[in-house]
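Each of the next two complexes has subunit A plus one more chain, namely subunit B in the first and subunit C in the second.
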Partner chain A sequence: MALSARAIEEIRSLPPRFPHLRSAVPPALDIAQEELGRLTPEAMTEVAEALGLDPGYVEGVATFYTLLHTQPLGRHHLYVCTNLSCTLRGAEEICHHLRRLIGVKEEREISADGLFSYEEVECLGACEYAPMLRCDGRYYYDVTPQKLEALIQGWRQEAGNGD
Partner chain B sequence: MATEVPAFSPHVPSTELRGSGGLTPPGPVLTRFFGTPGLYTLAVYRDHGGYRSLERALKEMTPQEVHAQVKASGLRGRGGAGFPTGTKWGFVPADVPGPRYVVVNFDEAEPGTTKDRYLVENCPHQLLEGACIAAYAVGAHQVWIYIRGEYDHPYRILLEAIEEARQQGILGERPFGVDYPLDIQLYRGHGAYICGEETGLLESLEGKRPQPRSRPPFPAVKGAWGRPTLMNNVETLSTLPWIVEHGGQAYHALGTDRSGGTRMLSVSGDVRRPGVYEIPIGVTFRHVIMELAGGPPPGRQVKVFWPGGSSAPVLPASMLDVSTDLDELARVGSMGGSGGVIVADDSRCVVKAAARLLRFYAHESCGKCTPCRVGTDWAVRTYRRILDGEGSSADLQILDRIQASLQNGRCLCGLGDSGGWVIMSTMRHFRPEYEAHALRRQCVTGECERQGAADA
Partner chain C sequence: MPEPNGAVPTVTLTIDGHQVTVPRGTLIVEAAKRVRIEIPVFCYHHKMDPVGACRMCLVEISPGPPRPQTACTTPVAEGMVVRTNSPMAVSARADILEYELANHPLDCPVCDKGGECPLQDYTFRHGYPTSRINAPRRHFLKPIPLSERIALDRERCVLCYRCTRYYDEITWDQELTADHRGADSYITSQFGQPLRSIFSGNIIDLCPVGALTSRVWRFEARPWDMAYTGSVCSRCAVGCNVTLWERRNQLVRVTSRQNDEIDEGWICDRGRFEYTEVNRPDRIRVPQVEGREATWDEAMEALLDGIQGAGHRLGISIRRDVTNEELFCLWRLLQGPCRGARVALEGRTSLPAPGEDTLLIRDLDCARAIVVVASDTADDVPIVNLRIKKAVSKLGARLLIVHPDRLDLDRWPEAEHIRNRPGEAAAAVRELAGHPLLQEGPVAILWGDGRGSEDTRELAAAVAELATRVGGRSMPLYRATNERGALAAGLISGVPDDLEGCEAVICYGPPAPGRIPASARFVAVWDLLLRPEHGSPDVVLPALGFAETQGSYTNLEGRVQFLHPVLHPEPPLREGWEVLCELGQRLKVREMDFVGIFQLQRAAARAIPQFAALASPPEPEPQPTPVLYGPARP
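Coming up: the complex of A and B.
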């Protein structure tokens, strides 16, 4: 998969915003991931070329971070916090339930309908609402198996209506 | 970094305010207006006296006078290290020509810590004002806020707040008509605990893998993009408007002798009212856990608590009367840390909790220093053996050796030490639980058996 001309243009416009060129790498990777859903080897090379950097350097940055993905994910990727505060309030049960709901055996496995995947993450900084999870750029608080079921059901319906 | 301000509708910061201004009355400093509708907007913030401190600093005070007030306040960094803020400011050289920066550490990721998110969601302008005051005090014109990538909502709130401040001319060439240009930029993280470590953060801000740097040189001298840089935590900076308004002495008087003022504590885990509370420093953890947060669930007792994030060595319930004073916490072998108070009740297995935290440190170790990279992973495998019922006395000795090897400055940053403290402090206070697990394959609380049955 290759990046669109628009994305490349946007990436090329990033460097002047920063005192040094390399600071543009993570935001450039955001643009690429936003467009393709993940960072393919070709995309990382294109990002590097657009910024005039070495592809190996860009890949080195991309592979460090939890929020940058080189593997495909479900359309809704759920980040479930399982650090101590959430675990004390039932995060393990939430993960267990989630796997059953979307029919996957492990983290990052994509559900058969392509809609869902999940991963367990470290503290997301909302412990007073534990257990909690993040999906599609927002936080879901006080998660219970029932709430989770409603959430998944909602997304399934949305996908059914949309397609 | 987004290219434009995304669609943003007025909102209530959180579904329900859990803490000062919500569950309890607003606190005296940081949360004094919390609970006021629309406090996140510039208009409401200014109605409550917002930005008057910045105006006053720019118009009536010299940078030295601002610095003197901060020194007098006794304010200590709220990110975790508790270093005196006034002293830190003094490290930024006055005489180096060229650009210099204020970098705001909003990479809140210490397990159990949510206060910076709480402060920004409710009152973003308080942070912006504080950051501008700090910039003025150290001679900087550019502020960079490094915000963790998962904080989508606080990011949008800050984007909007910065835009509002620009439109009003508070940020720009002549804030309040004074010839002191000020600007604030946001930079998003991408998910790595190590970015909360100040030199890891700087590497990340520079677009590199966020592996900590060796020091010296310290960031004050050679920080972001090689320039002199003042780095402070969100809470630390949010305190400055109050200090400028009321004076350093008044702030100091709210706390203890050695730890001035108030601070935010986020209380989570086995309590009835988890939330973020502003407390005058010096109250006891009994007050925080039993009164503010409502104590453990019915029929349960507090067993253990982390007084300042997962990295602060644990304290058993018998030490609930310890003060929140930073020096007092150090004296009993722990630390005030990031103010994340995690409480576990008597149904919880300490070994299992420690194992979970070591998994965290192993995952977040950046891999640069061998003791941390290898030690945390080794600890994870040892804990797994113990919890799987395959432990032995040798495993307890291994844990002992790992915790010692992780500590005492063997690494470039404190991540390894923190993992070591989890092992050390839980073994110190709960040795019999470790022995039951490792030597007799028993969980004294029964939690692990219950869990095992649920998984099967």
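Coming up: the complex of A and C.
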């Protein structure tokens, strides 16, 4: 999978906005991941080449951030906050319920239909709406097992219709 | 910051009751070494930028906050009082070691670092006898091959990042990186691919634990079971200093030996790993005549017969690591009975003899601009390449490259690269005098032969002219180990070697350039091994390797450095200079009956001005690792 010319262009335009060349790596990786869904060695090499850095450096950065993924994930990857406020308000139960709903045993495992995976993350900055989760760039607040079911159902239908 | 008169201001402080005065900006850990106090470190390395990653170097500093501070990142200050032995410092060190060992497999009995391992030594000197941590340890598959030559054991790693920082800062090639930074961090090669860099082996020396070990030298011996000497690398003209390690009369490993004039403690993988020939079971140990074992006497007679009357149809091919002493003997022979013979040197450039006042490697440190012409320095002169990188990335020199291809120096984002057509480097150099990067000196010009693509005489003239116009100095980048010595002895010159047409050939080492000429009726091979390129010689003489021979090399800057053999070969193996002297005596050359190498060296020093240093060989180096006294344990 190669990056599109547009993505490469966008990545090349990043460095002037930062004091150091290396500071441009996280946003560049974000652009690549947005386009490809995850960061393959080829994608990291392309990012490195576009910025004039070593792929090894880019790899180190990519594996540091939990929001950047080098492994394949489900089409909808749910980040469930399990930090203090969310855990007090039932995040563990949400995770448990979610695993059952999508049929996985652990974090980052992909559901059989390829649609879902999830991971537990630290604070996403929405403690007042605990428990919460993030998926596809959107926040979902005051999550309950029922709300979760509806969400998953919705995505399943969307995928069904799309096919 | 120098004061107006150029002097660097100093600072006086007290460390464990010792007063010490050091330049401002010195780090505490370095100041402590001046009073022979060793502050233990893992992540700190004196040739790399400090990072403060491991906290091993904690000391108590007053005035200052009432907590331990890192000696490797804190610069000295006037009146500072440092305590490495206060209760706070002692327990801080022991606590850190307790954490370092929390995940450590403690497999010292099967670890090649054992006996020279800082983690082992510090634990012994500074650690608690037991641990309070009783949590599960991290486990990894181990050992993982990082390349043919290096193995990684992630369980032993203390994540000091010396190896990755070395790749990043020193070689500019991030082949090694830390993935999943944080509690789950581990070292990995880029996307799990094998390391390719020619500088990879230094990470074995750098790693303060047994996480990075050699696969070439593996499970062979403990350090205290080996003998070692400081010597010089035989693989190229840079002349890096090395330590040679012997066990049971085998050369078991080669490690770096810091000489700031040349190598700053780095060696390349050729120097580190290409030493195994001398241990080969199929080594030539006895002379042979026509395929049958013979005495030296018989072999010498056969050799003399073979070359008799060859005159200018005699060809002498010399190995790259020929010593100055052997060159001197050959010079005598070529002055006398072998006059007119043609000579070839293995692996050399076609660069002419150096001009007056060539640049020294250490001069690169003060260069403001460095021009690299017609050389891929990483391949031609590997450790000089690292010195260029240091001058550029750490000392602020500007970099200008004249070369047809992309080079590893192009990793420097601000490098300016003029891509000449092969063979036209001289023309490109002639246009450089007004170049904006060269307006501020000193300018250092390093130039090669473009691997045969350039007319080196013309390039020499162009470089000399540029040097004069921009007020710089230059350094021709010879490749063969003792090329500069051979030029000094006048055995070779700035035209490529050619033995084609020779009827009798003496081949000392692998044939140069590349093969024995088809015209040869008689071939004598004098080498460690019989190689396919040698064909089927008439006479075979056993030669010695660089780890078992006495003598010296002249490196590319003209520095004469002495070898200190660590192996002591048994007869009938003989020193090369002895063999050449015997040949000379049989050919009735006067003054080749030296009673020992010192006498020969004095004669060489008188005869060839560039060999003057041969008259005063140094005492063998003191043993390399100084034992410092360190703070006590809790």
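Brief remarks follow.
Rule of thumb we're sticking to: the second predicted complex is superposed on the first by the 163 of 163 C-alpha atoms of A that agree within 3 Å, B and C clash if a C-alpha of one lies under 4 Å from a C-alpha of the other, contacts with A are read in each partner's own complex, and residues count from 1 in each chain.
Definition applied: contacts are C-beta pairs under 8 Å (C-beta built on N, C-alpha and C of every residue); 3 or more make two chains touch, one makes a residue touch a chain.
What you are looking at is a predicted structure, and each value in this text was computed from that prediction instead of being measured.
Judged by the touch definition given at the top, the superposed model places A:L124 against subunit B, while subunit C stays out of reach.
When both complexes are overlaid on chain A, the residue A:P41 reaches subunit C alone and has no touch with subunit B.
In the superposition on chain A, A:I8 makes contact with neither subunit B nor subunit C.
By the document's definition of touching, both partners, subunit B and subunit C, reach A:G60.
Of the two partners, subunit B and subunit C, it is B that touches more residues of subunit A. Look at A:V25: by the touch rule set out above, it reaches subunit B but stays clear of subunit C. Contacts of A:R138 after superposition: subunit B is touched, whereas subunit C is not reached.
Look at A:R89: by the touch rule set out above, it reaches subunit B but stays clear of subunit C. Once the two complexes are overlaid on the shared chain, A:L73 sits clear of subunit B and of subunit C alike. Annotation: subunit A residues 21, 60, 64 touch subunit B in one complex and subunit C in the other. Within the complex formed with subunit A, the subunit C residues making contact are 164, 167-168, 173-182, 188-191, 411, 413. Within the complex, the subunit A residues that touch subunit B are 10, 14, 17-27, 29-30, 60-61, 64-68, 79, 82-85, 87-89, 92-93, 96, 121-130, 134, 137-139, 141. Interface residues of subunit A facing subunit C in the complex, by the touch rule stated above, are 21, 41, 44-45, 52-57, 59-60, 63-64. Considering their complex, residues 1, 3, 14-15, 18-19, 99, 108-114, 116-117, 148-153, 185, 187-193, 204-210, 224-225, 227, 266-270, 274-276, 306, 310, 340, 342, 344, 348, 353, 356-357, 360, 363-364, 366, 451, 454-455 of subunit B touch subunit A.
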